[in-house]
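Down below are the structures I want you to see.
Shared between the two complexes below is chain A, which has chain B as its partner in the first and chain C in the second.
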Partner chain A sequence: MPLGYIGKRLAMAIPTLFGVAVVVFVLLRVVPGDPIAMMLPPGARADDIERLRALYGLNHPIVEQFGRWLLDLVTGNFGTSISLHQGVFGLIMSRLPATLELALAALVVATAAGVLFGVAAAYWRGRWPEVAVDALTGLGMAIPDFLWALLLVLALGVLLPVLPISGRIDPRTEISFVTEFYLAESFVRGEFAVAGSLLAHMVLPVAALALPLTAAISRILKGAINEAMSQDYILMARVKGFSKARIVWREALRNALVPAVTLSGVQFTFLIGGTVLVERIFGYPGIGNMAIGAVIDRDLPLIQGIVLIFAVLFIVVNLLVDMTYVAINPRIRHG
Partner chain B sequence: MADVAQWPAVLRNGRALLGLFVFLLLFLVAAAAPLLAPHDPLEQDLVNSFLPPFWRPDADPQFLFGTDSLGRDIFSRLIYGARIAFIVAVVAASLVCVLGTMLGLLSGYYGGWIDTGISRLVDVWMSFPPVLLSIVLAAVIGAGLQAVIIAIVVVDWTRFCRIVRAEVLVQREQDYVTAALTMGLGRPHIMLREILPNILPTLAVLYSLEMGIAIIVEAILSFVGLSVASDAPTWGGLIQEGRLYINQAWWLLALPVGCIIVTVLGLNALGDGLRESLDPVLRR
Partner chain C sequence: MSRVTRRHFLQATAAGLPALGLIGANRAADAQGAKALTIAYNVNLPSWDPTVGLSAVNPTIQSIYKSVFDQYIDQNPNLSFKPGLLTKWGWNDDKSKISVTLRNGAFWHDGTPVTPADVVWSLERAGDPKGGNPIQFVWGKIGNFKVDGMTVTADVKEFEPTLFKWMAFLTGYVLPKAAYEKAGAEGFEKRPIGSGPYMVEAFERNAFVRLKAFPKWWGGKPAFDSVVFKFVPDATSRVAEVESGSSDLTIEIPYEEFDRLKKKPGLEGTTTPVSDIAMIFITNIEPMLDRNVRLALHHAIDKKTIVNRLLRGYGVPIDTLEAPQYAAFDPSIKVGYDPKLAKALMAKSGFSPEKPVKFTIQTTRGFKPKDYEMIQAIVGMWRKVGAEANIEIYEIAKHFELRAQHKLAPAAFYNWGNSIGDPSTSTGFAMFGPSPHSAWKTPDLDAKIGPLWGEKDEAKRIAGYKAGDRYIAEEGYVIPLFQYVQPITYRKGLKVVPHVANYILPQSITPA
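Up next, the complex of A and B:
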């Protein structure tokens, strides 16, 4: 992969990050007029308000406040959570692994299922598998993860109660984890019963997150494979007498992957955003769930920290998608 | 892209018709809510709480879908919920459309530093998860229908802006724009009177999809407790209440979820149908 391109892409991310910081600052510090009013109960005494203003540096000019705040961010100082009385950065880092495990599991499931459905629809073009896949992708893309989560709770949690609908792990599990990556750690340590409990709790939230992405991947892939199938090199492969399965899987799919990766990368950022509500609905202890708790508690430093972390995640994912695109597309040579 | 003279084609498209039907139904239910609802949606009757819906043998025929924890009639609450959903859908989608289209037109047509500025702004905006951003915004602005609508507009204008910009970039190179320039028409005139009518089909598609998104966002904000007053009957608020009693009365959750899904699928079908019938490439 050309290093110059990566450098350029990284350089482009910096003004975006700066813009993100400005928006968060304006949104949470300037727009409500007085963030202290958000934090204090109504009827607080005037000297209390003054003390808190000084504590948060709100008695300085606005540009100076922004400069100090930005400097704090760069040095990893995200402030202290008002409701949880702990450092915001530490709180986020302790919850982020749970969200990452959930999002990555959903990505893996969605990619596998999406490729399978997409290839099936292209392979049996004009027959019932294509019709079925089209109907499923239509539903999958129209209904957002929030509603899928509620439907899954109803269907598999209540009407046919086969799966847990709340939490990350069976509360009776007696094991102390060294890291916050419970699933990865339980596999590494060979604790398969624990891993089983973790996985059972993940099935429904992962399904809710993965459904829209699965639908998007299979639809894009189907179109891309169909387009690839009309190219000359496919005709060549046919003339050579390769089987249809080989042509679809080995030749067409490889070329169809390029547009599929780009578009599903965008969809993956939607998936990360979707963790906010899905975690809330399933009581899953990740940063998304913490974000809604922070909003309900009016915990300004924590809200700021989480919004920033999500924005950084988005930018990083977009960067990775771009790089994958360059890596798998031999025709593109960015300077 | 498409010819406005092709509008009647919409009426021959099955999906567009289905979507139009759902939209009109939503409008009628919203407009006639006081006539349709058998009870006051806020009227509490603690003696008659948790009445079962009509398919249960012990149902009370007075309450079609039963009652909630405070004895309020679910059917009436769903009907009044349609009212809020409709208002949010139309008002928010219209404002999003106006703001996003204006910025997209300016960005695509004028180019230069205007384009750079707006595009950078879109980049920054797209770096936030939309759901989280609207939740935070609604929390900052304060509860109420107005806050919900502002939150949707502030978050979603990029959807229109990006697509309109791309569309204008294509239109700008067409012969009719060159002709208009040669005739000496001013740039604002060309932008609004020549280019804008040509992107109307795209806007119609985006608008119908945006109505669905607005309904979902309103439901999400009610669900988190940030929408209109907590006792007001919104579909999202009903979902939040229903979730609390999911093991005793699953229909309290299923009914509002069903309402949202039917509406959103309808609006999506309308968007897809419009795309199919207005886009000459797809129509062929």
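Up next, the complex of A and C:
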């Protein structure tokens, strides 16, 4: 992929981000909920209210507030959280890795399981494995991730309590991390017991996030493989005497993967969005959990920062998906 | 370029699976260790500074603050006051000065002693209008501090009768001057230092805080060496935490779950009425300007049935904004459930079930246990006496905004906490017109409450509030419903003393 194309895509991101900034800023001032009203002490007087408004820069006209916020953003200053009293950018960067690890793990699990189920359904087309996969994927898609989360809490947290149901790591784990990518860091440092704790805490939220995506990938892939199996090059492979397994895995799957990869990429952005409720249910300290807290507290600078970072993430992921798409599809690469 | 081979995969799996098993096996042991206590807590801790910003006035996180920091003055589980960092406190004869005495033998978690300079610095910082303390309007009423040994005196700039009660309430914490100034605000957030029973050992925002017993705490070393507050905002997950043995104790779970869990082997439960009441704000707009309508609406509500049917009996019906544990509680003030009287009052104003008075009632849904269902039941009771209320659901943030702007609907459901039990922080702030928290704003009531803010005679002040509460009940300016009850579920083998202020204090939990 030429660097010019990437540069052009990144340049196009600027007006997109500006649009997001305008929308989120205006929306937050229109929807109900005044952060100052929420923190008013019992005996607050009019001058106390004005003092608090000035303290958080909410006493200026909206246009001026927006201008100030935008100017600060350009200099890398995302503002200070009203409820957490810390820099917004630092707060987001401290929580984002937890969400990325969760979403990436869910994506890997969903892709692997989706491919396996999709191939199995196509391989045994018309037989019981296809019926079973169709039933399971139907169930997977019918139940949303947050409901899966609650079901998993009850099943594997209470009825058969083998897995932790809240948090990211055992609170009694004695380790000081250098980065916020705990899982990656613990593997790099050879702290396998810590990695085990992290993985154990990820199993249920990852499963909740991955189940609907697994179902979607499996269905798309099954359809794509079935379509590929009717193509001439597959007929040629059959004529050459290739085994069914080789035809499905090596010939049909490669072409069928393109729509599945596209779907995975698109779904990754939705996965990050899906972490909001799932993180809340599992008490997982990611950006989604922080976003809910920010909304409840009407922490305007933090909500604005989170939405902007989400937007950046969406743009970057979409770019990466396009690049992957080109890499695995020769027709686009050479076209 | 390295490739992930089948061998690599199997090796990684072999390393990971035993670790997973190890963690699973250790969960119950962690929660039930003799010297460790794990609490599944219902809210996150946003900030470590208990004196600044939104979190400082959030009653639900005071338990964590009180585990790490000391208040000037402390409270017993029945809301009575007892020494905290201060052993003596009081006014001079004409109440123009205050004097407080710091206890000997109190230390910060970094090992340095707590000094009167820390007390002065904390009070000056709290009273600074630019400091961000939401209760600055109280702390700013004293100044010109002087230190003599362990005693600090200050001039009273404006008399505040509840000053010492605030020292046991929101933002009434002593912070370490030297450590705070050295670390700065952001540094203090990362490494908070208090003088309380527990030191912060590890803090994972939105996940947990791990505390370690402070051996030099003036109150004696707590029973549990290690305490973990797990932040589990979802009620279903909190139930699962305690049911699975992952946590030793939890709060704020549905009453149905509380009743179920306390019957399970290995678990116990206790309840206590807490300093939080359910109420319906009445706004001084039509049709609530009609006294008959207001009183009829109050008489029409069968609070006992609501508590028994919807809250499984976990609630104490009340008729004023003072709960029985509060300083100005007067059991002789009764409004009473009387649908016949309600109907007669409505008829006096020309309303009946066939020709009902119409208005809107606002309520949250899911913010408090069965809030929406309760309002539905109340609307049903009102309908029988000649009132047709349209239910409007709003978020709690919207309630605050509307209340501050005096734009609430004619009736609005809310809950009001008051962990120091003073009438000024219940009836006073909720009913005094100039307060941004009141919904009923009329000169007759303001004339009764206004003089009490600066009343120096405590007995007269309390009597004044009792008279105000009686007047409010007679005029129907607010509809108090009931006092909430906090369910606490915990594993057998613990001794938990419930606190009326709704605190879960690990220092007061011991092995049975």
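One rule holds in what follows: the second predicted complex is superposed on the first by the 286 of 335 C-alpha atoms of A that agree within 3 Å, B and C clash if a C-alpha of one lies under 4 Å from a C-alpha of the other, contacts with A are read in each partner's own complex, and residues count from 1 in each chain.
The rule is simple: contacts are C-beta pairs under 8 Å (C-beta built on N, C-alpha and C of every residue); 3 or more make two chains touch, one makes a residue touch a chain.
Just so we're clear, the structure is a prediction, and the values are computed from it rather than from any experiment.
In the overlay built on the shared chain, the residue A:P61 is in contact with neither chain B nor chain C.
Of the two partner chains, neither chain B nor chain C is touched by A:G126. Of the two partner chains placed around the shared chain by superposition, chain B and chain C are both touched by A:R298. Of the two partner chains, chain C is the only one that A:I49 touches; chain B does not reach it. Looking at the shared chain after the overlay, A:G241 reaches neither chain B nor chain C. Touch criterion met: A:G196 reaches chain C, while chain B stays clear of it. Shared-chain residue A:V20: touches chain B; no touch with chain C.
In the superposed model, C is the one of chain B and chain C that contacts more residues of chain A.
Counting contacts as defined above, chain A residues 32, 150, 153-154, 157-158, 280-281, 292, 296, 298 meet chain B in one complex and chain C in the other. Chain contact summary for the complex, chain B toward chain A: residues 120-121, 123-133, 135-137, 139-141, 212, 216, 219-220, 223-226, 239, 243, 246-247, 250, 253-254, 257, 260-261, 264-265, 268. The residues of chain A lying in touch with chain C in their complex are 32-45, 48-49, 51-52, 55, 82-87, 94-95, 150, 153-154, 157-158, 161-172, 192-193, 195-197, 199-200, 203, 280-286, 289-290, 292-293, 296-298.
Listing the residues of chain A that touch chain B in their complex gives 15-17, 19-20, 22-23, 27-28, 31-32, 139, 142-144, 146-147, 150-151, 153-154, 157-159, 269-270, 272-274, 276-277, 280-281, 288, 291-292, 295-296, 298, 303, 306-307, 310-311, 314-315. Against chain A, in their complex, chain C makes its touches with residues 15-16, 18-20, 22-24, 26-28, 30, 36, 38, 40, 44, 46-47, 49, 52-55, 57, 129-130, 132, 134-138, 170, 185-186, 189, 202, 204-208, 210, 226, 228, 230-234, 236-237, 239-241, 243-246, 394-395, 397-398, 400-401, 403-405, 425, 428-429, 434-437.
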